[in-house]
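One structure below.
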Amino acid sequence: MPHPLRLNPDRLFPSDPATRDVARRLYAEIKDLPIVSPHGHTDPSWFAENQNWANPAELLITPDHYVFRMLFSQGVALEDLGVPRADGGPVEADPRKIWRLFAERYHLFRGTPSRMWHDWVYSEVFGIDVRLSAETADHYYDIIDAALKTEAFKPRALFERYNIEVIATTESPLDPLEHHAAIKASGWTGKVVTAYRPDPVLDPDFEGFHDNLVQFGAITGEDVSTWEGYLAAHRKRRAYFASYGATSTDHGHPTAFTANLSQADAAALYQKVATGPVSAKEAELFRGQMLTEMARMSVADGLTMQIHPGSSRNHNEVVFQKFGRDKGADIPTQTNYVADLKPLLDAFGSHPGLTIILFTLDETSYSRELAPLAGHYPALRLGPPWWFHDSPEGMRRFREQITETAGFYNTVGFNDDTRAFLSIPARHDVARRMDCCWLAQLVVEHRIEEDEAHELARALTYDLVKAAYKL
Amino acid sequence: MPHPLRLNPDRLFPSDPATRDVARRLYAEIKDLPIVSPHGHTDPSWFAENQNWANPAELLITPDHYVFRMLFSQGVALEDLGVPRADGGPVEADPRKIWRLFAERYHLFRGTPSRMWHDWVYSEVFGIDVRLSAETADHYYDIIDAALKTEAFKPRALFERYNIEVIATTESPLDPLEHHAAIKASGWTGKVVTAYRPDPVLDPDFEGFHDNLVQFGAITGEDVSTWEGYLAAHRKRRAYFASYGATSTDHGHPTAFTANLSQADAAALYQKVATGPVSAKEAELFRGQMLTEMARMSVADGLTMQIHPGSSRNHNEVVFQKFGRDKGADIPTQTNYVADLKPLLDAFGSHPGLTIILFTLDETSYSRELAPLAGHYPALRLGPPWWFHDSPEGMRRFREQITETAGFYNTVGFNDDTRAFLSIPARHDVARRMDCCWLAQLVVEHRIEEDEAHELARALTYDLVKAAYKL
Amino acid sequence: MPHPLRLNPDRLFPSDPATRDVARRLYAEIKDLPIVSPHGHTDPSWFAENQNWANPAELLITPDHYVFRMLFSQGVALEDLGVPRADGGPVEADPRKIWRLFAERYHLFRGTPSRMWHDWVYSEVFGIDVRLSAETADHYYDIIDAALKTEAFKPRALFERYNIEVIATTESPLDPLEHHAAIKASGWTGKVVTAYRPDPVLDPDFEGFHDNLVQFGAITGEDVSTWEGYLAAHRKRRAYFASYGATSTDHGHPTAFTANLSQADAAALYQKVATGPVSAKEAELFRGQMLTEMARMSVADGLTMQIHPGSSRNHNEVVFQKFGRDKGADIPTQTNYVADLKPLLDAFGSHPGLTIILFTLDETSYSRELAPLAGHYPALRLGPPWWFHDSPEGMRRFREQITETAGFYNTVGFNDDTRAFLSIPARHDVARRMDCCWLAQLVVEHRIEEDEAHELARALTYDLVKAAYKL
């Protein structure tokens, strides 16, 4: 007999009855607010083309690095999960086999957010009422596979069912945004906007950087052989992105390092960067200078900046050689915001019209650096717990460690940051529940009053994200 | 209708009934113990002159960097809060306008200790029973302004009403201590002592360092052009401070770095430091050497040492240029106690008669460095959570992270560290409540017995601070 | 009237009734599982010779660095606790006097794990029912001293009473393992195995390193003047240790640094290391290279690797000069796993047959580095909270900070890591209780189901340690 699968309506709420009662009341008021998803990685072609997804494995396992890294850590070969090899060599192609492999090992995810997100999808989206296991693998596969072939499970239908008010995707400056154009042209009313992620034409260490620069010149019609032309290209492309709804830029640098060179020195550095290989130090200096340039452009065009630093990407050389980048081997590193951001902040941190949202993978920076910085600089806001920390305990630590110094109003609500479209409501729901838990604790400990908690619950769910991202 | 303002008698206590019951019993026994405030920044002239404070804004907003930094972070100009400009230019001078600006934005402080401290002052000190908001701003202003003009709200009257057994202020060696002399001469029985903060004549990077040295020679009659004379000046001035009740010194260095050079090398370094500009490295070496010299003097004269490292002062260049130092832009940095303190500890850390109290802004050092150090070295004690961490969650983390390794008896009770005189009892009350919460948790989890918790509650509130500071 | 001593059956369980009920049910199922102790420092001669221990102080105080460092931190001289001086000079020799000194200061241990472990030993092992204090010191001494003289308190009798399925000791490659041989030859069925700890012949900074190398050659019959011979000596000695039950190696390096030089470069480095003094950098490089070599050997012979980095050993120079190493003055330092382990992990981290267990004294690495690494690399597992963090709060932080990223199955159960044989069941009991608390919280917050929690409780107590250590 398989175990039942039931989502408890009190899930994530504390066991203490008094606190749980407050959490329930707070949650009841905000649970049905529309989803505002200002930062994510869904594929705009889904909404442009509105095709059915192919099968359960291709949708729920093979692209999910949370899932395949955990299976890999416990001895499962990535090939057996259908993860494509860099050399195009054979990998498992039978989605049912991949699904069974996952189902047999579903216990490995106990206590992880992946488990919660998946259970939500199985129960709420597909209506399954037994727990996933080796025993129920085929039952699951059959139900999900059949559903995925229906109209109700096409991307636009789910977008509407999920009550998504707006979702942002993330594109390279080299992306023609044809999917966004197609969405616009289609007459569909779902709001899907882009965001400007310039790393491919800004980070000298990015694969194909020099080729990317050539394309960047071509796509913008600017002479990117000069510093002025290169900056003009960014300005033009940002405006183009804005015309497809972009209200933000995003920057995924290895560190939070910024610089504020004279324009002459910056131009000289760009000459080196644009024409040949540069040292690690020069690459870092250029990335740092460009964060300051991006802030300068944001002051002018109003795009909100997002900085996502501190990941040691593709840490596993064996996996990188065999499967390429982004295969669940990105490991956080220590990040120093205090010294690294000073040049940018001295230049633009006190600018009232600018919004820079800081993220971290290094939780030690919450109380030591990020909350004091955001609690002082008008331009700074704190992004929600990111990636590994997008989890109940991660959210709890975030609120516990930043609220007393930065307050609530220097934060910006939740980001799902995901390409796993099916679980987007589950992710927002975890954030809503955990915020209600934290507010309920403040209420029962008489640190705020319940009327204030209701106002805050709505702000954390809806108002702050709309304001910070101008959505 | 404004919301009511009521301080719940159970505030900060946990919601769990069993734990709350124990916390209540513990708190009942210690809540009325006198306040011992061994480290703070109140102005001794208040107690010397006993004048009424001018108005609500000047007392409660303009000087409070917790308050104005939060308002600044949300777009309020410091000028509009009456913060004086470095160039003497005009700033808002109407205290009622400043008060309204604050009142309209009081929601920004939800979840912060400032909110708790202010509510306590409004309710307990001024008897106000509605919540501060735009709507109640003038009501507040009128009540507070009227009260501040009365005898009952003069500094000495509040000192007595607050049941302060002793309070320490902090002065530069160049301070003539005339206010302390006036207090002594006045016949008033309130105990206000000083503390020796030598940074202005010890830190080569301090503004006006060389001029300060000249004054230091003049005020002590020692020849500070030599290392021996410089040390003699410190010894003499420490004795002078001790004659005004000082039992401690305080050191606010950028890092915890210490050095133990030979006296010949130290003398040579002093020659450079005293006569001209030195490199950042030499300045750091000199500060480090002087911590060791201060420890040597403490062994001789019995003054307890306090080390407060790890703040990146005046981080915002724009604010620093316009308003000068200490404007809510000090940001914590990573601090390394293990390597940095070794020279001092090898020299004096095992000395049974010496007490060195360590503070940190880097909470990662609690369990990794500070608790193991204090749990070994006889000279070391841990100061309470400091500055940003002087808050309910900060106190919770401190006890959770240091108790198991350092125990309770290597800590020293609470410091309010503040110039905000009106809220001093509120700050001590938060510490007393949070310590009772932690002890109650240990009791209900059967990790200590309740009779022990009562003894510990008193130790953390009163006994340990008196012993560590010899007050 | 002395206070009673009673171990509450609910100790460490949360006060919340619903959570406590679940914790009780989980604990009831696993509390009597046998003890598997895969990493510790008990003396194998105890089990080989099975002699009575001499007296309470010699067994419970003088060798316990948790106990004497806390007393030292509060002004007690190590000599007065009978800690032997390096120069052989006189120290207190009366065990009853030492015991009294400890008993009078037993309150210093409130809130520390030492207090819980000791109370368990007094209550459960010796049947004492009053709290230790100055008043009850002699009562305790007499009871314990009398018990220690009996058959029931000989090492083998306690081993059996404690339901120890297997215990591992830790030995240098130079150890002839004669005690293990004697145990084997004795016919006693208690399972006591060794573990290979090569630091004395692997770390160029180890006291007597060059002499140790000579002995290493002699004991193995290999020519350790060459790199190949040195490696062969390790392989041979590992096989010898395996013949006495070793299933693991252990490495106590100052950092987690690893290197993967070419064999030619490694051989050249070894020539320098083996023949003369080397720089700190070369010593570090050699240690780092040898971790990779040890991993290579583990792939071949199947020994599980344990890495215990990040302790600044013998931090107090005064104590080190007077009493020698390991006197409670080891202080944790920041540890960087991400960059430091990369060479080893690139070489062997994806090897399915290898198990490397990582420990840390730097809790900041839990969520930032260790959980992401263990949640990706097949070879990595996370060891339990270590040393200062082998405590209720340490265990809570470990599970809260690693579970969501690494899950449960990338952890390996509990290690007691101790030479304090009498308290081994108390230490395992704390881990079992704290794991049940964490699981109970997940259950009442509906993050896992109770049937899963039961399975996990057993895995964390018994199954995972057996698997990771191949015991």
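Residue numbering begins at 1 within each chain, and the chains themselves are lettered A, B and C in the order written.
We adopt the following convention: contacts are C-beta pairs under 8 Å (C-beta built on N, C-alpha and C of every residue); 3 or more make two chains touch, one makes a residue touch a chain.
As the structure is a prediction and not an experimental result, all values here were calculated from the model.
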Turning angle required so that subunit A lies on subunit B, C-alpha fit (0 to 180°, nearest 5): 120
Subunit C against subunit B, contact positions shared by both copies (same if over half, else different): different
Chain centre separation (subunit B, subunit C; CA means) in Å: 40
Multi-chain contact sites of subunit B, meaning residues that touch two or more partners: 16, 364
Of all residues in subunit C, those that touch subunit B in their complex: 3, 7-8, 10-16, 69-70, 72-75, 107-113, 115-116, 131, 312, 315-319, 328-334, 361-364, 388-389, 391-394
Complex interface listing, subunit A residues touching subunit B: 16, 18-19, 336, 338-339, 342, 345-346, 349-350, 352, 364, 367-369, 371-378, 380, 400-401, 403-410, 441-442, 444-449, 451-452, 455-456
